[in-house]
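Labels A, B and C are assigned to the chains in the order they are written; within every chain, residues are numbered from 1.
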């Protein structure tokens, strides 16, 4: 076979394999005939998802060998549900992409349950969920629930702890609920006394910086907010116009702006709500945070007020930014030499220490947990309206099991595992290399941040409106120059937030 | 000619319009009347998230609507957006239509190329212009800066230029729509009056004013109505490019209705805003129809 | 109009310049599809000089075009595999156009040739069905569709797109029919022809240009519609505008893939437009009647 024919043949068998039309053994045999054992391909260190979930390398797919014991149990347990279909609408996040692109066929083959995953941007997932719960029609069996919507959907889901305890015949052996990082269970799964879903993914703010620039300018990894600012200023002054000190995700009217704001707010000892449930972003700490943020913005490019996390990630990948406090999810993509100009140049660290002591939950309202490492986690929940509840529950357990999380993480894309044990798995450690897409070398900083620096937004039914609209719209007006002072902007937000909370 | 009276009844029989209209009426009743009444019902209710049910609230939503300064701001932006875009698209569309309505070689290709802008979904167009107007990496920003039109600053980050930036996408995409309709209209015009006018020595401008415009009036009226309605409901561009920002400087009524319905789960209030938008367009369209003396 | 050769040249020049201005963003978008990710955001932006790559297309259409060195890119399934979605788009746009034009052409003929009581108001009512913000139509339709099993089906989307295009189609076609002199119909009626025969044999062929233009617009509106497809589908079908948002991920937007799909999706619609545009020939209506 000539090289092109060979490629086409390989492409077609890979495609069939991935779609589940061919079993793993025949695939490997066919690939072997081409002289393409996984080792020969030498691709094990290659990033399988292009950072975004586009395609799979046959080597990475061939290396997937799900835990035999678990698959056998699934096969046995799922017998009554074979032929059922479970549907999930999810944001295009690393775990969803990995499951949809590579791992799903294994579950389907073992159980006979068909899994249909609809991948959408975050706002559209919210729209789908809203229609589904409002109609109570059960068009989806599983919900992807972002932490900021948790309160809104807490009444529409089945508490996984109850389900696990009640349906013992469906409870996966060694599933181990206690393995989930406790801080995450609190932050992304618990609303009042209900466990809304199983912790599924954890993007979180960590400090990421250009090691080459730091070294050149003799800068140290920032451990305080003042050092973080000083580094941004130093880079800005030394490197303009090519490189800016730092950047942000500050698009008006977008959730990302609210995420940035809370990090600075919490870091200055402030909080969104006080214990009386009133907005406190306009108190002394809140205004100190604004002063800090204004000074920091002087070291950012013009475009930041039009960027969401997308623009922030891209500008870093283009090598025009010195440091950022942002989603750790970006890191594996920045290390991918095909997509980024800073491959191998980045380093990750925990966020700087707060400038004033963090407020405790007793000093805040609605379960808000201040912390510089803003988290944007999500959980996977079984819908109360589902007609295939048991099949959906099996899928949810499988998707969040230890084995599956390990594969999601090794397949690249940048997920933050929600299970303690995954961080220590040798397969994860093996991918902790410099300059490869899908690297896991930032995960130590992620784990440390989750345990010690994590900040979680408040949970109240109006939070979706406040965090996606009220706060980012008014902050956007502030950055566009509509307010005379930060105080005026914050007072205006306070008034609007309080009236929306009071309206109920 | 003696047979004429005998055939008259047959003309009468086959002249009943109903059979011709039944399919249209059927589809409109199901797909248009039902949503209308459903929205009236919704606007008198509100969704209670905790109970997952609609409760009757009377005219509370309507009272809230008229006190809602955000809504009035959105209405103003929407009217501004609609007015400016419509005027530019109409004039530009007519000029380009006249320019490319020629049978010279190559003009067929030109007309084809122009329609390319229409086949791109507005949601993608929004992303396209977002990329091109990016303050750091955008090609439009780059050209404007290198020509000195834009000094510093970002198109979409500034209150006034953000609206211009969004309109640019709309005008780029939809001017060819006007061109397409106008060219079809121009091609349907009879040639005789133009020939005799030219023989009489009329200037091009006179021919355009006295012949082309009046003869095209129906087509123009339809184009303006359809485009005006769609502009008033504009959603994709602002949603993708600015999220209504900075602040609320590009926040349109459709975006507000969408957010209330889907982001805040206020179905009743969302339906109220939609109905209000419907009434505004109805009034505007009625005024337009009577001003232009359009009769169907 | 009679123009001197210089004038004709000037006109051609002006026309090409204007069209070039409109085509530039499309050209730029196509280059994005062919750029590797790190070149999309180059400073200054690369308009002409870049290394073309098929990678984005390979991922989106699940084919290996054999232009990459080695075996690096081997597509297969995955979230970005969009070929079936392109087929969905074509099916929906094509059949909804046929349905819309078929229904509208009948109605428009009746409205053009027969006097109906309150006709003006009836036409205005048809127009008003387009005035509702789509979000207000989408929710009630979701419940209807769920009850009638139309949710997530091709037929459901075809129906709603046909409805959405009805006002435009009826109004445009009526205006084109109005341009055809009624004397012809009347003469034929007197000769004993039925209305339907006249419609089929005389009026339809004469209005072909108008029907073509209407079909083009219906196709385009269906091809680009977003909110109905988003709300009324789940996994069994999706059209290009909705799947495009799949490329907006939590770790950033896959611009190259989005542009590749956008570029490929221009082709079917453009071919449809070109085929139909042949009918837009001058004088097919009034001009041909003069003899």
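The criterion applied here is as follows: contacts are C-beta pairs under 8 Å (C-beta built on N, C-alpha and C of every residue); 3 or more make two chains touch, one makes a residue touch a chain.
Predicted, not measured: the structure shown is a model, and the values here were computed from it.
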Identity of the chain that, by mean CA position, is farthest from subunit C: A
Chain pair showing more contacts of the two, B-C and A-B: B-C
Where subunit A and subunit C are represented by their mean Cα positions, the distance between them in whole Å: 37
Subunit B and subunit C: spacing of chain centres that average the CA atoms, whole Å: 15
Between subunit A and subunit B, centroid-to-centroid distance (C-alpha), Å: 39
Junction residues of subunit A, two or more chains touched: 127, 131, 314-315, 318, 320
Touching two or more other chains - residue numbers and ranges from subunit C: 41-43, 139, 245, 253
Residue list for subunit B, restricted to those that touch at least two other chains: 136-137, 262, 267
Subunit C residues within the subunit A interface of the complex: 36-38, 41-43, 58-60, 62-64, 66, 71-80, 139, 142-143, 146, 151, 230-231, 234-235, 245-254, 257
Partner subunit B, residues of subunit A touching it in the complex: 123, 126-127, 130-131, 133-134, 136, 152, 155-156, 251-254, 301-303, 305-306, 311, 314-315, 318, 320, 461, 464-465, 468-469, 472-474, 476-477, 479-482
Touching residues (chain side subunit B, partner subunit C) in the complex: 4, 7, 10-11, 14-17, 20-21, 23-24, 27-28, 30-32, 34-36, 38-39, 42, 96, 99-100, 102-104, 106-108, 110-124, 127-129, 131-132, 136-139, 142, 172, 175-177, 180-181, 183-184, 187-192, 194, 198, 204, 207, 218-219, 222, 225-226, 229-230, 232-233, 235-236, 253-254, 257-258, 261-262, 267, 270-271, 273-275, 277-278, 281-282, 285-286, 289, 295-296
Parts of subunit B lying in touch with subunit A, wherever the complex brings them together: 47, 49-50, 52, 134-137, 152-154, 156-159, 242-249, 251, 259, 262-265, 267
Contact set on subunit A toward subunit C in their complex: 3-4, 7-8, 10-11, 14-15, 17-19, 36, 41, 43, 46, 49-58, 61, 87, 89, 91-94, 97, 100-102, 116-122, 124, 127, 131, 135, 137, 139-140, 203, 309-310, 313-315, 317-318, 320, 327, 329-330, 333, 338-341, 413-414
